[in-house]
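Next up: the structures, one after another.
Shared chain: chain A. Partners: chain B in the first complex, chain C in the second.
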Partner chain A sequence: MRQALAVEFRKIRRRKVWLIVAALIFVQLLWSLWAFRNMDARKLAQGWMHCLYQFPLLNSIMMPVIAAVVASRLCDIEHKGRAFKLLETIMLAGRLFHAKFLCGACYMLAAAFLQVEVMVVFGTVKGFQGSPPWDKLLCYLLFTTVVNLAILLFQQTLSLLFQNQMVSLTAGLIGTLAGLYLMFFPRTVERLLLWGYYGVLMLVGMDWDRETRITNYYYMPVNWAGFIVLLVMSCILYVAGRALFVRKEM
Partner chain B sequence: MFFRTFRAEQMKMQHSPVWLAFFIFPILPVVMGTFNYLQNVDILQDAWYSLWTQHTLFTCYFFFPPLIGVYCSYLCRLEHLNHNWNAVMTAPVPVADLYFSKLISASMMVLLTQVWNGILFIISGKLCGLNAPIPTELAGWLLCGALGGIVICALQLCLSLFIRSFAVPVGIALIGGIGGLVAMAKGYGAWFPYSLLSVGMRANQPSGAMQCGTEQFVLVSCFYVTAGVVFAVLWLKKRDVVAG
Partner chain C sequence: MSDMIMTAGLCKQYGKTLRVKDVDLAVPEGSVYGFLGPNGAGKSTTMKMILGLVRPTGGSITVCGQKLCSRNRLSILKQVGSLIESPSYYGHLTGMENLRIVSTLKGVPQKEIARVLRLVRLDRQGGKKVSQYSLGMKQRLGLACALLGHPKLLILDEPTNGLDPAGIQEMRELIRSLPKQYGMTVMVSSHMLSEIDQMATSVGVIRKGELVFQGGMAALHEKSSHHIAVRTFDNEAAFHVLTEQGVACEIQQNVLLLPALRDERLAGCLKSLFEKGIDIVRVEDRRKSLEDIFLELTGTAVSL
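Take a look at the complex of A and B:
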């Protein structure tokens, strides 16, 4: 498997897949700089919570597109080179699926790590009150990574099954739009779609007072039930995606 | 010659399911936006105008630009595959016609989507029980939105011409859409190509005036479309094709 993964990285060594991930993280950083530009004492006191509230919202818009782009770039090489037939004569299709997933997962994991790093550096430089809430940041890292990987699995399956990459990217965009709208719906409805889990697993809630127009953030209990449902969904996606790819005639 | 290249584009798209994406995509914000409107009808008291914001707000910034990006990438994909650029560039066809035929194809899809958006908006308003007459500005919102969409088409086609990857231009379109939101918030919406769609559609303030005058909006849009055309024609004329 290590060899198969190394081959995947060699295939994309000049494709600059990291560039689009870095660009989108950079956009998130710029967004944060803009959102946190005027901080008074009350805002600084809630800085970490504000970060942990804002990033999942940004993720729900941007991360599914990053996942779709990464998956499409990894799988499109084989479609363009008509390489599936050849590849399947030298390695098992299931192993190829797994190697491609691990390769994409490295990028998604790096993106989540970068986000947490950006949050910590940003909060320290801006002078958010208190030390970084490491337990919450760790939970954020775990939840974001698992949602990213689940979406990556979905996108990779579509990108492998359909030569036309429009199908996977359009499905990703429609899912993202649905996920964003579902954030305004009750939690039970939000759980129905993979893309809604950035909202389901949020660690911070917001209370906006319409009269005073003051926003207060508060920590919410960790939604472990939602996390387990997501894990189950990810397993199903992996098994189904792999089976569909293995059975597909190339 | 232009009509022949345009016909060729249409033939390439003949059995493509691309129209399905543009058909399904507007339904989602309409269903969910209408539901959200009905949930918050005590806050959103501007009837048709409030409903319009619920339908268009997220779509204009985050989703329509990447969807146009997908379509433009698709329009250029065939040329990027199987050494087809060699065949295309050696055909006795002016390169401007090649670009224009793709631009008109993409623009037609944007126009049809806007018509579909308008129909869905009216249906959802009636289903919500809005008794007030349909805003007369609706045609203007849709038309100006279509012009903003055509600007994005012109730029995305340029990106898809020189970026051989299908997905990268879509990611750039998303960044552009987010940049458009920031530009709007800073008051520069009328100058940034990716925010012209939301400026034209009055996504965040349908009952008020546009962020800029209509003349300025049309002029800026024409400038970006012209810039796109000039860039694409020069690129195709000067650069050697990379076929593979």
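Take a look at the complex of A and C:
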């Protein structure tokens, strides 16, 4: 499998897939600079919570798009060069699916890691009160990665099955908008869609006082039940996506 | 000589249409097997089934002496190189990088790359991006990928597509040389009879999914029977005269068709017709061309 993964990275040489991840991190950094520009003592005291609240919201808009583009970039090369006919005579289709997923997963994992790093560096430079909440940041990293990977699986399956990449990209955009819209609904409804899980697994809640116009952030208990549902959904997506790709005739 | 590819009752159905019907192929080892048929006859589908890219609806496939199934497919295909429909490539990578990817996946030493590039005469363009290659160069790169790892069997689907006349000639020479130089068996499909005629030693003709002829090229040439056409003012009377002389003839489209007789015998026949007062107006040599045979077998016009 290491060999198949190495080949996947060789295939995307000069495709600059990393640029998408770098662009995401850059935009989020700009957003943070704007969102945290005037901070008083109260805001600094809640700085880490503010970060852990803002980033999942941003992720629900940006990460699905990144996942769709990464999956599309990885699979499009095979369609363009009609490479499946050759690859399937020298390697198992299931192995190809797995190698592509691992390759895409590396980029999605890198995106989540960089985000956490940006949060820590930003919080330290800005002088957020207290040391970084490592346990919460670790949970954030885990949850963001798993949601990213589940969406990547969905996008990869579509990108492999349909030659026209607009199908997968459009599905990704619709999912993103639906996920965002579902954030206005109760958690049970939010759980119905993959894209809603950035919200479902948020570690921080917010109270906004209409009269004082003051926002208070607070830590919420970790939603392990939601996480397990997501894991099950990811497994189903992997098995179904792989089976659909393996069954596809070239 | 054993067969490198054998199929028995091979069928493929798409929806309600049977695209390949009970095909029994036998590709002899060390041969260049021409798989001939008009466009849409089922050549590519059959080849894809042999490679396991398409699942047969019925029948069995034996490649290199082993019955093909999903479990042993890849181990059998290690001995097979293929180029189906159009070459597979990554346009943003160089020819060399493309071959490196294939050789890694095939588990072939990297030094093989230089050899196959030389073989298909791409050694000078190996460092160029494939997106900048001409169609002919891409086709040759596809062939280089297929040749990696010294396969025992090559399956090439219309490999001369997109090549200019010089490229076609070059490809033909290369394919023809493979059995002699490397002991390979080559199965090559085409809708062009002239192409198959020039490079194949065995041939299979497919029409609307059915194998209508299979055998050596010599057997196909034998079908190009030689006749003598005689036209008289009274063909009926001439027919009786010749039949009485023991000549198996027939009347077709106002012409008497005689088998290819020796000159002396033919002169005797014509003399006896004169003696009976039957006027002869035309005597022609008729040979059924390969194109006529192809037309007969496939029921379609031949591409030349």
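Quick note on the criterion: the second predicted complex is superposed on the first by the 250 of 250 C-alpha atoms of A that agree within 3 Å, B and C clash if a C-alpha of one lies under 4 Å from a C-alpha of the other, contacts with A are read in each partner's own complex, and residues count from 1 in each chain.
Assume a contact is a pair of C-beta atoms (placed from the backbone, for glycine too) under 8 Å apart; a residue touches a chain by one contact, two chains touch by 3 or more.
All figures in this text were calculated on a predicted structure; none of them were measured in a lab.
More residues of chain A are in touch with B than with the other of chain B and chain C. When both complexes are overlaid on chain A, the residue A:Met250 reaches chain C alone and has no touch with chain B. Within the superposed three-chain model, A:Lys80 lies in touch with chain B and with chain C [touch as defined at top].
Legend: residue contacts after superposition of the two complexes on their common chain; A:Arg10 is shown touching chain C, with no touch to chain B. By the document's definition of touching, neither partner reaches A:Leu142: not chain B, not chain C. In the superposed pair of complexes, A:Leu177 makes contact with chain B only, with no contact to chain C. Of the two partner chains, chain B is the only one that A:Val69 touches; chain C does not reach it.
By the touch criterion defined above, A:Leu44 reaches neither chain B nor chain C.
After overlaying the two complexes on the shared chain, residue contacts for A:Met166 are found with chain B alone; chain C is out of touch. In the superposition on chain A, the residues of chain A contacted by chain B and by chain C overlap at 15, 80. Within the complex formed with chain C, the chain A residues making contact are 3-4, 6-7, 10-11, 13-15, 77, 80-92, 249-250.
Residue ranges on chain B touching chain A, taken from their complex, read 16-18, 21, 24-25, 28-29, 32-33, 35-36, 39, 58-59, 62-63, 66-67, 70-71, 73-74, 77, 81, 165-168, 170-171, 174-175, 178-179, 182, 244.
Those residues of chain A whose C-beta lies close enough to touch chain B in the complex are 15, 20, 23-24, 27, 30-31, 34, 61-62, 65-66, 68-69, 72-73, 76, 80, 164-167, 169-170, 173-174, 176-178, 180-182, 184-185.
The part of chain C that touches chain A in the complex is made up of residues 48, 51-55, 74, 77, 80, 82, 84-93, 97, 100-102, 104-106, 130, 145.
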